[in-house]
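Comments concern the structure below.
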Amino acid sequence: MSFGGEKINPSYEIIKRIKDNIGGAEIIKLEVPVVFHKSAETVIKKINEINPDYVIMLGQAGGRHEISIERVAINIDDASIPDNENNRPIDEAIDKEGLPAYFSTLPVKRIIRVLREMGIPASLSNSAGTYVCNHLMYSILNYIYSNKLNIKAGFIHIPYIMEQVVNKPGTPSMTLEALIQGIETAIKAAMRDSDDIKVSEGKIC
Amino acid sequence: MSFGGEKINPSYEIIKRIKDNIGGAEIIKLEVPVVFHKSAETVIKKINEINPDYVIMLGQAGGRHEISIERVAINIDDASIPDNENNRPIDEAIDKEGLPAYFSTLPVKRIIRVLREMGIPASLSNSAGTYVCNHLMYSILNYIYSNKLNIKAGFIHIPYIMEQVVNKPGTPSMTLEALIQGIETAIKAAMRDSDDIKVSEGKIC
Amino acid sequence: MSFGGEKINPSYEIIKRIKDNIGGAEIIKLEVPVVFHKSAETVIKKINEINPDYVIMLGQAGGRHEISIERVAINIDDASIPDNENNRPIDEAIDKEGLPAYFSTLPVKRIIRVLREMGIPASLSNSAGTYVCNHLMYSILNYIYSNKLNIKAGFIHIPYIMEQVVNKPGTPSMTLEALIQGIETAIKAAMRDSDDIKVSEGKIC
Amino acid sequence: MSFGGEKINPSYEIIKRIKDNIGGAEIIKLEVPVVFHKSAETVIKKINEINPDYVIMLGQAGGRHEISIERVAINIDDASIPDNENNRPIDEAIDKEGLPAYFSTLPVKRIIRVLREMGIPASLSNSAGTYVCNHLMYSILNYIYSNKLNIKAGFIHIPYIMEQVVNKPGTPSMTLEALIQGIETAIKAAMRDSDDIKVSEGKIC
């Protein structure tokens, strides 16, 4: 069982359209408010309710070219714009007792390889930013770690959907169809039993 | 009647898949070699054979984000790499007697507007480069002008197809489906009777 | 004798600082209003007054990375924003009787090579846009051609000056010092007696 | 007392040229091999020898536009190319006992503000990559933390020096002079007594 929390409407358009059962796993979908602490509380409440095996979070990162799999979330909120309830934390720890960062517990390299094999552009990201996406990813991994839950979790960023960039020449996008196929493929790849593969997606700097 | 000459295989994949009849017009397709003078000769031979109303040329411009409609072709060959028959002209006039440039005689602004209305990213380009694409566009417009033919002609550049960028993170692309729909839409928009619309797609520099 | 017309204050900062005598040539400087037809009239009036050997025009192209030497100007005004006197021509010929385009009569390739030899990034541009810069370049080349004047002319675009991008992360720039050295070097290279060199700076598309 | 470790020759050109005394502090300079563990050992040996107050590390990040101040280093080596001694670790923890990440203990926001006030483009980076730069930054912060040393440390990435991009059109750079002034300014800003300022340099994602 797994579910996808997501951040804003464009990515929810994808969530709504993905299958309810992927590779034998039941998919529970959840829309999440773009609000710093409330986003995490919403997902944690659902975790306690349904006890999932995987938590795959989704958000839109306008400007990126591919589906990008986040490697790590860091313990900081630094908001350049207010969230949807007008919070704008600057340089605040998400959890003062929490570790400085958490690595995704999804097999990020395997997800990327499987996506590419399916003809879908994908890449690894070493930063989920310092806004609500990173906050949510950090908070969920922190909750799972602190409570010793047996849940794998991670965050996937999607680029703009093609319709969103029609009047923005020079902006990268993917089609809704390719993104739906991509997220379904990523979910399937995430759930394979074996460990992550060891191939470099490293960035020099 | 119109036909689309094209330059390399990826754009020929599109040509092959577009309908043979669009908006009542018969579509004649033609594959064109990526060779400086031969590309134009191939298209001119076909023009004389079928006497088309429109010549819509297609080529791939890897690195661009949208379908881009070329505004102008200039009278110069300046090849940074050899063509497919190993010609590499540098700073040679395409036609020593020809005008310095020709503007597309397609309604470029209307094509862009109709594409965007269909949800397909499109933009105007003020340079088709100085390689075979510009050579072909210049040569055909020059031939039509010099022979006072009643044919409208222009060039459309397409970005990479999604499958081409799977292993090139950070490279923009569009899906084959979106490009097929885009080119069919562009052909339909090109053939409307009215003049071009007067909206700015200007670039400051 | 030569002079540099320019377009906006940042590039005039460079003009003011370049030497008044370069390689034995007297440099006459001229500030030009960013107004469609008035820009050209200002330069033409000065041409008639001083009868220069070279007219090297300068403008800023924010977003470019290097000093870029324009190859060609096209016979069209297409303004996405109004000029400084609120003119906003869209798809109007600059000169209804003029040629479709004019190529720079400066040795563009040699200028680029000499700049690079001096350690200054430079590139060739195949489009000066469709705003006042292109208008001015076209108009001056058109005037020289129509009146059979023995004057070489061309246009150079400069990137942002470093100070202009301090609050715009991700925007390319060069320092004022590098640009001054670059423009002085370009003027010197432009005035060498020999023909342009034949090396490719071509763009595929 | 502080010193700047650096990674490759271009950034060592800067180090060599910065003053030996900045704002009353003695500057000890150190060249560091681009080798995974050896880079950190070299710096740790020097730390033990001179007991500095600050360790400001420097490396080149070709492709970035500004001086960028790193916020965080993560506990992972993922090398897409071998280092200078042919090591190519993939997905290995830098220190299996270490924390997942360390935040820079330099006042990163203040450094950025002071640089901008001096007219020097600067930005905050949330990822130092997963190669030797991140390895060195992580290792030094880990060593200082584990040994409870009273040393502030952080990493600064510089873009290409202008001379390096002469033949790479479209690549951002800064001049050596601007970079020297920038690093001296950054060192001065780092050493001010007060806490970091609280302004957002956050990235949404």
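Just so it is clear, A, B, C and D label the chains in written order, and each chain counts residues from 1 on its own.
Going forward, a contact is a pair of C-beta atoms (placed from the backbone, for glycine too) under 8 Å apart; a residue touches a chain by one contact, two chains touch by 3 or more.
Being a predicted model, the structure only gives us computed values, none of them experimental.
One finds 48 Å separating the Cα centroids of subunit A and subunit C.
Subunit B and subunit C, compared by their mean Cα positions, are separated by 29 Å.
Per-chain Cα centroids separate subunit C from subunit D by 39 Å. Contact of a single residue of subunit D with at least two other chains is seen at no position. If touching chains are joined by edges, the resulting network of the protein chains shown is one closed cycle, each chain touching exactly two neighbours.
Across the whole structure, chains are in contact as follows: A-B, A-D, B-C, C-D.
Those residues of subunit D whose C-beta lies close enough to touch subunit C in the complex are 65-66, 116, 119-123, 162-163, 165-175, 177-178. On the subunit B side of its complex with subunit C, the touching residues are 59-61, 71-72, 74-81, 88, 90-91, 99-103, 109, 126-131, 133-134, 157, 196, 198-205.
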